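Order of writing sets the chain letters: A, B and C. Residues in each chain are counted from 1.
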Amino acid sequence: MTSLFEYAPAPESRSIVDIAPSYGLFIDGEFVDGTGEPFKTVNPATEEVLSQVSAGSDADVDRAVAAARRAFTRVWGPMRPADRGKYLFRIARLMQERSREFAVLESLDNGKPIRESRDVDVPLAAAHFFYHAGWADKLDHAGLGPGPRPLGVAGQVIPWNFPLLMLAWKVAPALATGNTVVLKPAETTPLTALLFAEICQQADLPPGVVNIVTGAGDTGRAVVEHDDVDKVAFTGSTEVGRSIARAVAGTRKSLTLELGGKAANIVFDDAPIDQAVEGIVQGIFFNQGHVCCAGSRLLVQESVHDEVIASLQRRISTLRVGDPLDKNTDLGAINSAEQLARIHELSDIGEAEGAQRWQPDCVLPDRGFWFPPTIFTQVSPAHRIARDEVFGPVLSVLTFRTPDEAVAKANNTTYGLSAGIWSEKGSRILKIANQLRAGVVWANTFNKFDPTSPFGGYKQSGYGREGGRHGLTGYLKGATHS
Amino acid sequence: MSDRLAVRKTYKLYVNGAFPRSESGRTYEVADAKGHFLANAAWASRKDARDAVVAARGAFAKWSGMTAYNRGQVLYRVAEMMEGRHAEFCEEVAAGEGLSGSKARAAVDAAVDRWVWYAGWTDKLAAVLGGANPVAGPYFDFSMPEPTGVVAVLAPQRSSLLGLVSVLAPVLAAGNTAVVVTSKERPLPAVTLAEVLATSDVPGGVVNVLTGDAEELGTWLAEHADVDGIDLTGAPAGRAMEFEREAAGTVKRVLRPPATEPEWTDDPGLARMTPFIETKTVWHPIGV
Amino acid sequence: MTHVLDPGALSDDTRVLTAPTPPYDDVTRSDSAFRTFLHGLPGVDQVGAESRVAVLGTRSIKTTSKAWAIDTAISMVDLTTLEGADTPGKVRSLAAKARRPDPSDPACPHVAAVCVYGDLAGVAREALGDSGIHVAAVATAFPSGRASRAVKIADVEDAVANGADEIDMVIDRGAFLTGRYLDVYEEIVAVKEACGDAHLKVILETGELVTLDNVRRASWIAMLAGGDFIKTSTGKVNPAATLPVSLVMLEAVRDFRAATGRQVGFKPAGGIRTTKDAIKHLVLINETVGPDWLDPAWFRFGASSLLNDLLQQRQKLRTGHYSGPDYVSVD
């Protein structure tokens, strides 16, 4: 839609961040050079190289695990729980103090809109530390069985879609429960984890409690497969999750997996339509659809299909795609060329299989990795865009006639991470919520997260929970709680 | 003693509420602890395992959809029915495990009591494992436990009844349906338990009992895409890791075997229920 | 849209309903039909509406777009005085301000209208002359609306006779809250008839309707009854024009035009005091109903103190330094 009211560029200043030309690994409280082949991290919105980052070799991982083990045995394990909590409170506060810096850096490295990194990722990450800080000296009262004890060294591998937030989801509960950490950030988004390492230094966190080893798949594998790791926590694709589960089979390692999804977002004919449309938009276009719990399958009751799609198209036409640092941007850049290629591939397959592609008029920048917000109508449950996780701003629209059909179609997936329900009828919401095989059900809302609220999947979306009292169990020995 | 010739029991599988022979037609000899012939047991095949999974999946909606109170009563009914066949269980356990009469009785007593323990859990799990989450916003947010789905249970090889009940009852109490592979050498109490289940208001298909070889069936169950979780307690030595790897192919929940089979007399706690429980979190706005 | 009424209707009180709006011809045929229709409108989830406006509230409007927004906002102001102490002198000084909001800058646009009580409409009319600035008068026993229908109609007729070309009426909230939707509707129809050529703005007084579901229903009653504008509030009740209320009313005018082809204007009033508030509203319009409503013919701010804040911000943009309250006139 052409507008009288054009918003002038409103870029957040990037002068607040000071990106070094190169970064080492963070091991035993210090930045050290890695011995693997260094790699470059780019701004996906411009393809500009932001920095060169060390890759952790097996030997580097070995050093990091050894440092974590030492810290666990000598310092962090024996420490008074209340003091562990105080360190986490410090970290939370430092993250809040430097929140703008984190937000700008996250948007630069990841491509997500500054509005989201500023208003969602960073505040939630700090909130996770704040929440878990309080648990550190209350574990005996958590109702998780008698005398819960830490597992030891946690090896954690996180994805590129919420680099800092996923770090917080992993590191905060691990430290609160008395474990030490070797964290491997995603290859394309290492920078906020390295800034977090600085926070650990500013907090005077004892050396070795948090170790950050950057690198690609090989580095992650070395972390996961290291003999002296007691706990493996992974967030990422189901494919890699399976291989990690295979790798830890037969070991003592405790494992939690938070994997892919293909969430149904079910809109009944009595839904609050305007909010449902917002929820659909929020469900699939939040973070460019790079969200494991994205509402990527819209299931809309046939009687309101046309109305909902018309509203949705009108709404999508107002989405502002472009510079992630512009405060008015709704959709930023796709995180990598590789991911962009996958989105193109699956979208092309969707079209080839007979689904109807719709995209708004939208000018994409010349450089960088971009994909416009996209919806496919006339999608059948057999189409690949109805089954495969696209992990991009691509919505598949399916229809249903009755609640039973909605549930059957919603559950007809190998995933089970999340789902949405839109209806003004309370009893129906509760019934459908009961029947959906998914770990998080958002009714009349979508993509909401909170450190107090357990998150995690059914079926091939993984196991274990992150957040809340439930999230502690994955880091404690003998905790009888899932 | 009467000189009447006894009528012997044919030991069969228990699948979908019925007692079929193995579709393969195979049986194997079961001997007592001293090596004397006791009976021929059905030797369950890959296809029996497949049928059992179909039955367990079919029964899942009904079993998990019952009220927790109702499920608890059904499990308590199992204890009642076991009590009625106490002597038969004692005899089978004594023979199969080579126990004295008093030790066998103690094992059967404990097995009955274990059903009672788990029967009482069904309607408390949600309170203990679930709860309200005080999120920072205008949302009502609560978490509740739900069963994982179809769980394959490789029952302990040594403890043929108490061990079996100790691994099966928690899976059921949590609301799952089960495909159980019995102790290979000591399968007879499991078949008698199946007869108890069949007369205990446990809907057909909720428990499916396969006598035979966990080494053979474990692979099929670990790989089966429609199995959601697997308890490897009775996995033959050296095979558990392989089964766990196979289970990874569909991201199954895996309960690893203990290093050695425990005595089963300890307080079981929640540790055998929670591996096959999912936490569902539901959000709803709070507004007018 | 014209409304054909029986010319004798007012006098003998056997009123014929307005020619209904296709495709809603029959929804006002009975109380129960109207109720069924209004309660069949999609519900509004309050939290969802609030979070939507919260996100829009983060829009950063800078430099050229801010300058455009400020001038546009000035041109949309219904400069208002609704005090018991209003006098012809007060109204005349407001009219002067309306014509030349910033005497130091002739490029500054004039406001859309001056809004006064009906007895002062003539003073305003005379003071505004041929400036093109409209005279809006509140009527129908504003702000409570608690008077007989005949008194309300007389109030309207008096204001129009005094020179008001826009009438801001209040709906009967008592009737609405007791479910007598058809009474609310018929009264608006009658007032519209009494307006003659004057434009009718229908004040819902959303602070008394409380829920967003009620706001949506009342909006539809007002639009179906022929209101030219729907307006949030009298300014005498808190809360007045909140952003979620504005969102729901904008959705209503958007949906009504999509269904009937007739465009209805929107006027938030009360509580909009700063340039920031005003720009948030412009953003809300821009991203909810689109640029068709970004025009004083379709959007107004009911405000008094807002204008001076807009002027100070305007001076800041023009001069590059911050202004102060002594650099704009106190009226």
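Criterion: a residue touches a chain if its C-beta (ideal position, glycine included) is under 8 Å from a C-beta of that chain, and two chains touch if they have at least 3 such contacts.
Each chain and its UniProt protein: A, B = Aldehyde dehydrogenase.
Here the structure is a predicted model, which means the values were calculated and not measured.
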**Report entry** Chain hops separating chain C from chain B, counting only touching neighbours
**Finding:** 1
Requested in this report: Go ahead and name the chain pair joined by the largest number of contacting C-beta pairs.
Outcome: A-B
Query raised in the report: Of all the chains, which has the CA centre nearest the overall CA centre?
Result: A
Requested in this report: Report the inter-chain centroid distance for chain B and chain C in whole angstrom, where each centroid is the mean of the CA atoms.
Outcome: 69
Query raised in the report: Cα centroid separation between chain A and chain B, in whole Å?
Result: 37
Query - chain A and chain C, separation of their C-alpha mean positions in angstrom - result: 45
Report summary line: Touching at least 2 other chains, the residues of chain C are 45, 47-48
Report summary line: By the touch definition above, chain B meets two or more other chains at residues 139, 285
Requested in this report: Return the residues of chain A touching two or more other chains; collapse runs of consecutive numbers into ranges.
Outcome: 444-445
Query raised in the report: Which positions of chain B touch chain C when the two form their complex?
Result: 138-139, 285-288
Requested in this report: Could you pull out which chain A residues touch chain B in their complex?
Outcome: 127, 143, 145, 238, 241-243, 245-246, 249-250, 257, 259, 414, 429, 433, 437-445, 448, 450, 452-456, 458-463, 465, 468-470, 473, 478, 480-482
Report task. Mind listing the chain A positions that touch chain C in their complex? Result -> 1-10, 115, 119, 270-275, 278-279, 318, 327-328, 424, 444-445
Report summary line: chain B partner, complex, touching residues on chain C are 45-48, 50, 210-211
Query raised in the report: Okay, in this complex, where on chain C does chain A touch?
Result: 42-45, 47-49, 51-52, 55, 58-66, 68-69, 72, 248, 251, 282-283, 286-287, 290-291, 294
